[in-house]
Each structure stands twice: as structure tokens, then as C-alpha cells.
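Each of the two complexes below includes chain A, the first together with chain B, the second together with chain C.
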Partner chain A sequence: MQAAAPAAVADRANGRSIASKISFQGLVLGFAVALLLFLVGYPLLWLFLGSLGAPQSLGLEHLQRAFARPQNYAALVNTLQLALGTGVMSVLIGVPLAWATSRTNMPLRYVIHALVALSYIMPPYLTALAYIFLLGPEAGHFNRLLQGLFGFESGPLNIFSMPGVIFVIGIHVFAFTYFLTYSALKSVDASLEESAQVLGAKRWQTTLRINLPLVAPAITGGALLSAIDSLALFGPQAIIGTPAQIVFLPTRIYATIGSYPPRWAEASALSLLLVFLTVAGLALQRGYLERRSYVTVSGKGVRTQLLNLGPARWALLAFCLTIVFFSAIAPVGILTLNAFSKSWTDPLSLSNLTLEHFHTALFLDQVAVRGIINSFKLATSAAAIAVLIGAAVAYLDLRTNVRGRRVLDYLAILPLGLPGTVMAVGILLAFIRLPIPIYGTIWILLAAYVARFIPLATRSANATFRQIDPSLEEAGRITGASWFHVIRRILVPLSRPGLLVAFLLVFIPAFGELSATILLYTGGTETIAIAIYRLNDLGQLEVVSALAVFTIVVVLTLAALVSWLSGSSWSSSETPAVRG
Partner chain B sequence: MAFIDIAGIDKRFGSFKALSGIELAIEEREFVTFLGPSGCGKTTMLRTLAGFLTPDSGTIHVGGKLLSSPQAVVPPEHRRMGMVFQNYAVWPHMSVFENVAFGLRLLKVEGAEIGERVSRILDAVGLRGLEKRHPGQLSGGQQQRVALARSLVVEPSILLLDEPLSNLDAKLRERMRTELKTLQRRTGITFIYVTHDQAEAMALSDRIVVFNQGTVQQVGAPRDVYERPANIFVADFMGLVNKVPGKLVERRGTSARVRIGEQTIEACTSDGIDPNGAIVVAIRPEAIRLGEAAPVAGNNVLAGKLVESTFLGNIVDHQVDVSGSLMRVQGDRQQAFEPGANVNLIVPITECVAMQGDTSQ
Partner chain C sequence: MSIERRSVLKGLAAAGTAPFIAGHAWSQAAGPSDAGQIDVEKAKAEGKVVLYTSLDTQIVDAINAAFTKKYGIEVQYFRGGSSDVTGKVLAEADAGRSQADMVDASDVAGLMLMKERGLLKPFKSPAMDPIAKELRDPDGTWIADRLTQAVIHYNTKEFGSAPPSTWEDLTKASGRLVYFSSSSGDGAPRLYTLASNFGWDLLKKLAATKPLRVQTPQVIAQVLERGERGAGFLQNDNIAWRSKRQGKPTDYLFPAEGVPTEVGACGLLKSSARPHAAALYYEWWMGPEGQAILVKGGKYSSRTDVEPPEGSVPLSKIKLIAPDHVEYKKNKSQILDRLAATFGGEWGN
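On to the complex of A and B.
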């Protein structure tokens, strides 16, 4: 290269481009960053201050008082029991299922896999509702069936119990363990097993000494994620737990805020406790995975060997079908059945069929109609804003060397570990008073949704931009296009499918959000989840079922769209990660 | 019956014929290489030999015992063979020691003896002192040594190697090649080696088996296969070759007279050559000398016109027009010709192999 002259030219060109970067880039990116800090950073700060008694006072006595209350202590113990129970349950059912669908010649593997995905995509409070119909102590279908079969005096199973809560949440969160184990098993190359086999190891020895240790980190990680997720699921905890008078941390927080006057400091303290549990769990999971992760994703295709089970594969299929029957088929089935039945307690017959509940839910019931409209509005705007911020954060992270971009990235991922209830307490504390009193309006819900689901948009945008070689943009610049022009004509068109996926990944959980909404809504800003929750309290179970079916259809359609857009309907990769 | 006797093996995957009618006899202590392009069936043959695949027809006997037939296959774990994989397949969750000791533990070898045998084999493959390391902390070459040690420590009579060096960089590959060969000579284990690299095959093997499209094209010592290719595919696959189209004029035993343009040369040939079909004479570029000298006994002389010369460092690559077909000649770098010069191509008769087929093949 020639030395002096071109360097001088380059300097001048750089100078100019830096100037234009500040004006354009600075404006767009700065706005997104400010929004992120405002929606995530600010409420978290308030959460912390709130636990110290702010704004009335500052001190540790609120924290002390909160942890001295026996009700709070009971909620903590119950929450830990729930986490432990669902973690263990997720291993007991998730691991065999993952093994069956990934490494054996069991029939219907694809169907089982899809049904596990369905049990995960289904909002868990709907599963909880479904199990009231199925395992309610008196009228629950399964109970009546058992009564009929074995002549019990009353229904032998009661969903309103601790095992009931663990069961309902477990059949939702086991998907974490399933998917992690599934992809770990899929990435064990057959040569690792064949090496053992050639040395004389029998099938079971290979499974025990090669496969199992190799995927152990994935199993442990999955169990931890299941446990962590179960902490945050306000919906089933409230719908099943509250009638049984079993209180968990999220429902306890709900109660302290709902009391008169609201006990803000206590709610903040309990929220921090919940955050602590979540973060500890996530840190454990991360550290464990990092230290002992053997199964690395390599660029090369992995060859896997399917175990020929012979006739035993039918027994395995029966086991798998039983699990997905309880986790997906039965809940969806019963909700659908109820939605079309005149009375849910009457048996299925042609004369018992009706479309009336859909009519009520979609057109007549004011709360339901308002809920549907609000949910669509909120989910659409929240997704749009989250994608905008997420794309800006991802762009800063991948395409610039702006200082502090890592912190920003972290801040944008942080809400992933925060239960909706916690996020709502922070948002409440931050926005209930001046300077931005948006409590009681729909804006506070929008703020909460964006804050909660921004990680999904950020991760997705990050993955999308990663796949686009920066040289494509550089080629645009060198041809003479401005930064804005390059973004508009090169980056955005190239990443459009990815950004659409990001949009949907936020839209889906936002559409059925319950755990933050329940603390933030007021009359007039009900969402579909609130409508379901409230009509359930009022006993209008058939209308609730119709709304539930409507929600499931919307969510499933969009999830199918996501998997079609990502071109991998048969992969574990991107399913919405937070919900409830 | 040979030590390993492969008879009439067919194998299909769906409608794809991976192997058809494979016949092979391999002696004890031999180093045999299955060579061919990807998809030629060499790995399928190896995996059938290992017992991972069941043949559709044919049998495999080892040491007089029937191991594979369409009816029954002795599973890999009962064959007492060793196998080294292309991706090393070293277990990432075990230390080097545990990886190597795995097979011995399955054989219920005593603890003290395990330690002794593992350290002896780690010495042999040059991994002494790395017993406690995990595979993640090893380089590719070291991992491949672990894989070798792991297979060798149980003292198999047959070691199967599936492209074991193809993931290593060129320098390391060459060094491991030498080590593999020494190891094989020293242990006396029968090595069956799969590769698509003909140089590797020639450097290592006692005999090479050339595969293409699921069939064996030729079996022979490296020199035979290189100098006397059985057909155009083998000639091409083994290295750079001139395929000169010609017409069979006369044939006496294994020698033939072939007309190339207006010139006629002597060539060697195998049996089954069809006098009416198209003929190709295969001549390696390095077998040809350029010069104006008069013909010497045992040599063919072809007149040609030099088209272009390219200096490549150790050699000079010449393109010569011989009766309308372009021939490559690898010449001495001291020898220079002007483009357009008339040159004589001097080729030993033994280096001209006449075979069936046309050059489009």
C-alpha cells in the first residue's frame, strides 16, 4: 500500500463519516437506548428503592419486617417446594421423552415432539383452567371417570392441592428439560457411541457411560430452568393454589399489593427475594453448563444412530402418548369441548353443541370484547417497540464499538430472568406517581410488556444480524450510500424475516400475558387473560373456555408462522421463553 | 481362506447401490487402504466390516469365522476390532486416561495392569504426561493420538481407520502418516485404512483397493496401481495423467501398437481390450522426457509442437500438441523451449498403458 496520501484521504473520509454517524446513528440509536433505560432500568431501580421504603422513608426495617411475617415465610417454603417438585418432574418425564424422540425408532416421534411443543406454547393458566374441568374434586371429568370405574364415593383426585399445582405447572415447564435434552442427544455423534461399541461395550453400557454423562449438563440445566420458570407462573399458582389456600411468592405479592392500603415495601422486598431465587438459579445453571458443556455445536452435520427397540417401541410410545395426553391433548381437548357445549357438566351430544359461547365471548360480553381488542392492540405495539429497541441494541453490539454496549446488551436480556409479577411491581412503583403518572391507563401495560419481552426481540435481532455479513453493508457504504440508506436498503430488507420472527416472538407471549397484567390493569384496560381470569371467578366457565380456545388458536397460528419463517418446524430452537 | 475374506458383498440404501459384488482377501499383518472419491462405497465397506451395517448379500469371514451375512451379523462389540474415526470420537467427558482405559475396563482387566498398559500405549503414541487432560484441552493431532491409543490398547487383531488424518493440517498429517506406518509395522496389527487421498494411500499401504460407484476397480501394490492402472478411472484418480485417444493397430499378448494421429506407438495393455472400441493411452506427465535426441530402444518417440511452458519451481509444466491432442509434460527446470518449437516426446513403452474407453470418461 502507498503510504502518505491515501492515509490522509482515509482520515478525511473517516472524519466526515464520524460526523454523519453522530447525527443519524446517534439520534436513532440514542432514542432506543433511552427507551430501554426508561422501561427496564428505571423500574428496577424503583424496585430496589421501594424495598427500602422509598419514597416515604429509607431504611432496612421494611426488609426485616417483610421477612419476619410467617405468611411470607410460608409462601417462600411453598415456592421452593413447587420449584423442587417441578424440577424433578421435568426430569422424570422430559428425559425419557427426549430420548424416545431423538434416539429411538419409536413411531410417531414427530407427533410427540410437536405435542410437547404445544404443551409449552399453551399459556399455563389455560392448562390450569382445563384441569379444573378435568380434575376438579366433584365434577372433574377424570374424577367422574374414576368414580364410575372403581366406585369411589367422591372424586379420588383433587387438583386443588400442592401436588395438583406441581402437576399442572410441571406438565408445562418440563418442555425446557425435554428440548435441552433432545438437542443434546441429537448432537451426540454416533461415532462416540460406535467407539465404545467397537471396544466391546453393550448397548446399555454405552447409554449409561457415554450418552448419559454427555447429556447430563443439559438435563441439569433443563431441570433448573423448569424450576426457575415455575417460580414465576402466577396464573396456575393463583388459579389452582389460591382456592386451596396455598400461597406462593407471586400470589403473595399480589395479595400485599391488593390489600388496603397496599404494602409497597413488603411487595418490593418479596419481589427482590423472588429475583434472588431466579438469579441464583440462572447463575447456577449457567455456571454448570459452562463448566461441563461437552456437547458443542459444531458446524459439521452430526450423524445419529437410531436405536432399534423392536416391539418395546410400542410400550415406549404408550408412555409418551400418556404424557402428552395429559400435557397437551386433554387440556386443549376439554377446553374445546366446553367451548362448544351448552353445559360443560353434561356429556357430549349433538343437542349439547352450541356456538353461543363464542358469540358471547367475541361479541356480547363487554369485558371479553374489550380484552380481545386491548390484547391485540397491546401485543402489536409492544412487539413493534421491542423490535425497534432490540434491533438497536443488537446493532450497537454487533456493528459498532460504542463503549457500554455490553452493559446495554445485558440490560436488554435481564428481564428474561424477572418474573412478570416482579416486573409489574417495579413498573407500578416507577409509574404510579410523577413525573410519569400512567397508572390506570393502557400505557402502563404497554410499558410492562415492552420491558418484559424485550429480551426475546433482542436475542432474535442479534441472531438475525449475526447472519448478515457486515461486508454487505460496507459494500453499500463504499458505493456511496449513507448510513441511513444502507440500513434502509440493505440491512432491513436482508433481516426482514428475522425481524418478523422477533416481532412474533414478542407478540405471542404479550397476547396472553397474565402475571404482570393482573397487577397493572384497571376497569377499561382488561386484556384477554384478565377477561379469562375474571370470568373464571364469576363461574362463566363455558365463555371462559371459548375465550381460551380463541387464545390458543391465535397463539398456535402465530407459533406455526414463526416456525415456518425460521424454516425449522422440527427444531427446539426458538419458542417464546417467558410467559404467564 | 485368507485372514479376512470378503465375498460377494452387496449393500443398498434405499434405491442407492452403495456396494455391489465386493470380493476381497486380506492377509494378516497387511496394511490395506480403501481408496476412492466420496460416495464410492469405501466407508460403507469399512462399516460393514466393523459390523455396523448388515450386507444385503455376501459374507465376511475373519480368521475362518463367519462374521457377517444377510442372515446374521456379529455385533461390533463382539468382533474385537479397533476403530478410529475421522472426527476422533474421543469422549469429551473423560480424561485421556479414562478414554484409553475404557476398553480395558470392559475386558475386566485388573486395576494395576490397566495403569501399566495405558501408560505404555500413551508412551507409544507420544502422549506421556497428558493422562489427566480432557479432550477439550488437546489439539486435533493429540486427540487423534488418544483415539489411536484407545483402539490399540486392547490389542485388536484388526484396526479399522476411517479417514483418520483428514481433519489434521497438512504438516501434521504427514508426520502422523509416518507414525502410523511405523506403528503398524511394529505391532503387526492388520490395518484397514479408508481415505480419499491417493498420496496418503500410496505412502502407507501394502495394497490399495480402489473403489468407485460401489465396486472395486483395482487391487494392487501402490506402484502397480499407479503405473498399471486397470482403467481410466484408476489412472485419473491416482494422479495427473495424459489420456491420449488412439486406434488399436495390432496386439501381441500384453503389448499393443496404437496409432495416435499419424504416429504409431508401442504400449502395454491388459487382457480384455476390445479391438473395435475406443482406445485411450494413459501416460503420466512425469514419465515423458522432452528432447531432440534420436530414439532409444524401449522408448516411444512422439513428435509434437510446444504450446506453452509454465515454471512451477521444482518442475516446468509444458503443454505439447501431439497430432492434435494436447499433452502435459513435467520437465526439468533447466530445460527451456520457445513456444512453437518442435519437440520430441520420449516415453518408455512400459509407461504407456493402453486401455478401453474414450477421453470423455
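On to the complex of A and C.
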């Protein structure tokens, strides 16, 4: 390895003992690298081998058989429909919202922006649960409201349908399109608009012919990201899709392993298909953005002017409020209401209020209590390890010229494009057998969480180290401090807030993780998401709501902390990724 | 550097695997093979029991609470659908990391598969005497603990005194039916029993009513109680019994032409690291006291010397259709495919 080279040169210059320095730096970095290869590379290798039938056999017949089965074909078609639907939906609601909050004088712009962030931070399986209460075919509140208003014989809307799944996932993933479009619109130079106006263009013409083409790549990119993310969301696909009899690739993969005897080769083959879809989507998004990038839309702060809409701004506000009502206010509201109601189907009244469900969820129910404890433990450890590895990868990338550091960086970002279900299949295949048989223990969940969320820590650490001038560390070395000393006394203190953000960015999604956990947990290693999922199966919806509210409170508090630590929630479109 | 790297990897491997191996009892503890050999002191020293079960949690909680009160031994359990339970036991065994001391599932085919894989421990229990021969393994690796009848459960406000009383009647209630099966096919065995006795055409006609599919019997009851659907087919009798006793507007009936019965069975795992506590718990579960709690929760005991649940029909008055576990186990894959083709959705195959 080359890591020793620059250190050795520095040491020679300082005339200090070489051996101790190499080994210590090498040991710390080497450990992090080995961990990364072992947690991300090794399971991916197994995923590939698994689709060929390993360890029993090796051949292409498993792949062929998997793709020839009508069940799998149907799952693929449904998944593509879902992606297309959510992609289109994200444009239809994300773009007007982004325009309203970035370019107009509409009131409550900040509130709308924050509520879009909330729709994204909320674990999507909780949104799905909320919509069973809101749009369940008969008992759902909105349906009963519509029945009362218009005299329908039965509830007119049914969440348990393909449009239902697209809707529930769409109101989560549209945030991608929203945030990308928002940043792009914010950075369109006002001088272009002014020129158009000087030349006689009307306001709406400017918007359509100057702004829209300039931000088109951002919109397309956002739609693609929304579509890609929707592929991976096991939670809502299972919670809404299963009762609707609609199968998607992640739920199909879950069923091939969840039923006995597990069909590993088929699960791996379907996972590879899902990876292919994701990678193709991401490549398309990259390619599109690169080809169509306009210099005017840059990261630099530019002067923007707000469009004065006159009275129309109230109509726009009504539209925006409707969207965030459905995406954030109603789901959080209904879960909160149910958590405090004796029975969710009874109308709200003082006599129907109770704290009993919180008592059950937080103290009595065996699985729920264990789930809360496990989730805290796992999220804390996963975040700590991910930050350690992420910092090491970022350090190698920015402060050394080790050969292969780009590959490492890529490996650390790679899981971002991998659905949780896929990671879980790889991790299961890798860690169910020797040499590291950790299936059936809590360690396999820790491995999965670190592997899944390491990109968030790596990117965050990278951004943090970038802001610290290497000359500070060099000064430390010149004055005779050891490598470890420089790290401990210069780099770590300076990057502490950034690393804390990295920690939280991993903690938040790990705390509510469902899609990988569902394949990896066993008796005793249930997490809060598993408790929610299982109790929902048993119809204990009030206790489920209490657990959901607890999860939302934890996640939101930490997300607020992140936004406070990073200065402002406005500057960044990188809201923590909470995936089901 | 290469030396360091190698040592890092070695250290990593050692640090990573040591606790997992050291902390686990790999040796197959023999323990008691007969109820007479159970040592209560040893059981108490073992401290806890891990149960994997598909039984309703309210009943499990009641059985466990009484057991813990009597012996001071905690019971930790994993509860899932019957296929989840079997799937987890098999997967853990594949990984060499079995967690469960005792398994209980409403899926004899699953227990037969566990026996075939050598996971279950032959155990001689006094509970074998009051249980019919065909309801237990001749080698003593599994034993039926309960019988669940798959009934018609209905909303009384919707049907009043004229509920659908035969399987055929149900096919007329278009858009009003509900049934259950998880995505891994928990509901499949009873559907198969129904189909093999009354023909697959019956299932096709039921499917044509566009029934709502839910995850568990518990949710069938809720859907009926709320009036979202009018009738549930192949519902667990104990869940219907409980709903009625709680004063909900539902009732249930056993169709005269025959009711599929589903056998729940349990067994001890060979790999158990707590053999005395496990056997003690097994005896409690299968014994008169444990079975009495089960019956109090609305289940029919498999023991002939235990009364049926309060206010319910004795099994001798019901025409029961026994499932063919051997056939189901052999053809499971084709059966699930056929159910998927009939009802659509995910059946785990």
C-alpha cells in the first residue's frame, strides 16, 4: 500500500523514527479500509455469486429461471409503473412548489419549505400507515368525510391500489425534485430575467422561456432521483401493496426469502435486476445533467428577484398548502391523534383520549420495548463506525495520494444507489456462513446499517475536511507533532461539528430502518421498525401509532439539530435520507 | 505496510469472530429426553426460554406470565405468521445459529420439514397419552397443541339472521368478503384443504367476488367489526370467538358440509442451550395448566381431556376436514403457484 509513502517522506524530513509512524497511521486507515471492503465489497460479491447459484452450484440457469417466472415479470412491470408514476408526480407537485418558494412573493414560503423537508424526513412506511387511517376504503377518515359530504354509498377512494401506492410514495419522493429545482431556481441570475424584461417579455413569458429551460436539467434529474428512490421503498410497497395484491421487486425479494425454504438464487437474481434499474437510472441522471448543464446555474450566490404575484399569491399558497397538507400535516396529525385515542375509528372527544397506547408501546409490549432499545443501540453504533470509516476514506482522498483511493471513495458512495432489500440479501448471503456467521445476532444488523449509510458519513466527512486548510496540519507536523497528535489536536477539534452532523446523518435513517432489517432480524433483535411492522400485521393500530409518533419525535428532533449545526436548513438540499 | 495490513486483517478477523463463537454454545446439549428427567433447579439456572410461535400474542402472553410466576423463568418470544416461524427456524439452522428452544407453528408440514432436517429433539411427554396418534409424531419430535377451525365469520348488522352458511353461499357475496394470508403464504394450507375437498372451482368463485386480502386473522376481525366487509372466510375460530365475546357486532358458524381444521404443533429444538428450561416450558405448554390458558383464549386443545372453550361447540359435533400435511409439504410449490394464479398477489413462491 502507498499510504506510507507521503508519511515516510515527511518523517524523513523531520528526521524522526519512521517505523512507529507508518504502522500507526497505516493501522488506523488500514482498519477502516478493511472494514469498508468487508461490509460493502464482500456482500456485493456474494450477491453476484448467489445469483449464479453459489454456494451449491455455479451457472446461469438460476438467472434464466428467475427471469422466466411470470410472478417475477409481473413484479418488474409493477415496479416500473411505480417509478414512472412517482417520477411524473414529483414533477407535477415538486416544480410548482419549488417555483413558489424560490421565485415568488407568496406568503409562508419558509413554512412550506420546512414542511416539504418534513415529508421527506418522515420514514415513508409511517406515511403509508397514516394513509390506511386516512384513505382506507371504508373506515378511512377522508373517505368518511367524502361519504358525508357527497352521499357516496361507500368510500370513493381506495388507497389499496396502484394509484394509492404511487400517491403515498410520490408525496415522499417528490422532495428530490423539489429541492433540486429549488436550488436551481435560486441560482438563476436575475440579470437574464431583467434582460428579457427590458426586451419586452412579460413576467409569465420570462418564467416559461427563461427560467424553465434553465432549470430543466434539475427537474429531470430530480424526477429520475424520485423514480429511483421509489424503487427501493420496501415499507410502503409492502404496507399498501400487499393488501392491494400488487407485488413489487423489493416485496417479491422479501417473499422469496421469507417463505421456506428460502430461494437464495432467485432472490439474488431479482436483487441484481433491481440494482441494474437503479444504476441505469443514476447513469441516465448523471449523463443528462452533464450534457445539459448551463453555466448560469451555478452554486454561486446570485442576485434573484422575487416575482410579485399580486392577489394570485393567495391561490398559489392554497395550492402549496394542499400539497404539504397531504404530504406532511395530515399523516403526522392522524398518527398523533390515533396514538392518543382509545379507538381510532371513534370520533375525537375528551372521553376518547388516553395515554394507554404509549404505556403499552414504551413499557409493556415485549417486542416494542426491545425494539426501541435495539434501535437506539444500533443507530448509535452504526453512526459511530460509519463516521470512523467515512472520515478515513475522506482523509485518504483529500490528504494523501494513495493509489486506489478513488476506488475506495467510490465504494463508500456506492451503497447510496443500492436498495435496502438488495443490501440485506447480499449481507445475508455473506454473513450466514463461515467465516463470519453473524446471522441471528444483532451484529448482522449493525453490519447492514453501516454498509447502507456509510455514503452519508463519507460525503459529510469529505465536505468537512475540505473546509479545513491542510496547511494547519502541515504546520503541526513541522513543529514536531506526530501524525496521531496532529489528527487529535488539530483535525478532529476543527472538524467536530461536521463530524457530529455526519454522525446524525447516519443515526437518523438507521434509527427507523425497515427494508434491510425485515430480512435480517430474528427473535431478540427486533427494532422499532419491526415492532411497528409486526403490530400493524396484527391490527394493533393504536399502539403502532404511539410507536410511530415516538419515532417521528426522535427523528425530527435530530433533524432539527442537524439543520442547526449546519447553519441553515435553507442552504442545503441534503436533507437526511430516511428510507424505509 | 503490507505486514501491517495483514496484521490488521488478522486482528480484525480475530476480534470480529471471537465473541460470536465464544458466546455461543455450539455443542448440542443433550438434556432431558423424557419429562421425568427435567431438573427444575437446572431449568431455573438456565434462566430463560426462547419460543418461536405463530400463536396469538394475547394467549402467549397469558401462558408465559403464569409460567414465569410459577418458576421465575423468563420467556422471550418471536411471534410471526406460521411461515415466518418455520422460515426463521430453518434459516437460523442453516447459519448454525439457532436461537429458539421451542418452536410452535400452525403448520405441521413445517415441523415435518424441521424433523427431516434433524432439528427437532425426540421427547417423551405424559401429554402424548391424551392426544390422538395421528396428531403427533411417532418419534416424539412434534406434538399437536391446538386445533384451529377455519370458520365463516360475519358482521351481524349486515347479515342479521340469514348469514352465508355454506362455502358456496359465500360466492354470492360479491365485494363483501375478506380472508387472510401473509405474503409468505400463511393462509395457504387451509385454502388447499378447502380446494382438495370441494374443488378448485370453489376457490375460483370465491376469488371472483374480489375478496379483500389482509395479513392476519386478527385483521379480518377488525375489518368485519368496522363493517368494511361483511363476511370472512377461513377465519380462525378463536379470533371469531373472541370478537363475539367482546360484544362486537360479529358472529361465526361452522359450515355443515365440513370445516378445514388446522393443526398447530410444537417441538423442542436439538440445538437448545437451555434444555431443562425448554423441556419444563414444553411440559407447561402441553400440560393441563398451559392448555387451560390456551382454551381460555378461545382455542380448542388437542388434548382429549380438556374441555372446549366456554360457549363453543364441542369438536365432536362439527364435521372436521383434516389437512393432508404430507401432500401439502410435497406439492407446496405448485399449490402456492395455483393460489397465486387464482387469487393474484404474493404467496411467497
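General observations
Just so it is clear, the second predicted complex is superposed on the first by the 551 of 580 C-alpha atoms of A that agree within 3 Å, B and C clash if a C-alpha of one lies under 4 Å from a C-alpha of the other, contacts with A are read in each partner's own complex, and residues count from 1 in each chain.
We adopt the following convention: contacts are C-beta pairs under 8 Å (C-beta built on N, C-alpha and C of every residue); 3 or more make two chains touch, one makes a residue touch a chain.
This structure is a prediction, so every number in the text was calculated from the model and none was measured.
In the superposed model, A:A424 makes contact with neither chain B nor chain C.
Applying the stated contact rule after C-alpha superposition, one finds that A:A100 touches neither chain B nor chain C.
The partner of chain A that touches more of its residues, comparing chain B with chain C, is C. When the two complexes are overlaid on their common chain A, residue A:V393 makes contact with neither chain B nor chain C.
Using the contact criterion defined above for the overlaid structures, shared-chain residue A:A201 touches chain B, although it does not reach chain C. In the superposed model, A:D189 lies in contact with chain B only, and not with chain C. In the superposition on chain A, contact of A:L118 is made with neither chain B nor chain C. By the touch criterion defined above, A:P213 reaches chain B but does not reach chain C.
By the document's definition of touching, of the two partners only chain C reaches A:P437; chain B does not. Listed in rising order, the residues of chain B touching chain A in the complex are 50, 52, 75-83, 85-87, 89, 91-93, 102-103, 106-107, 136, 147, 150-151, 154, 160.
On the side of chain C, the complex with chain A involves touching residues 1-2, 4-5, 8-9, 12-13, 16-17, 20, 50, 52, 57, 76-81, 83-84, 86-88, 90-92, 94-100, 110, 113, 182-185, 212-216, 218-219, 221-222, 226-228, 336, 340, 343-349.
Those residues of chain A lying in contact with chain C across their complex are 1-4, 22-23, 26-27, 30-31, 34-35, 38, 71, 136-139, 160, 238, 242-243, 245-247, 251-252, 254-262, 345, 366-367, 432-433, 435-441, 443, 522-524, 526, 534, 536-539. Contact residues of chain A toward chain B in the complex are 189, 191-192, 194-202, 205, 209-210, 213-214, 292, 294-295, 300.
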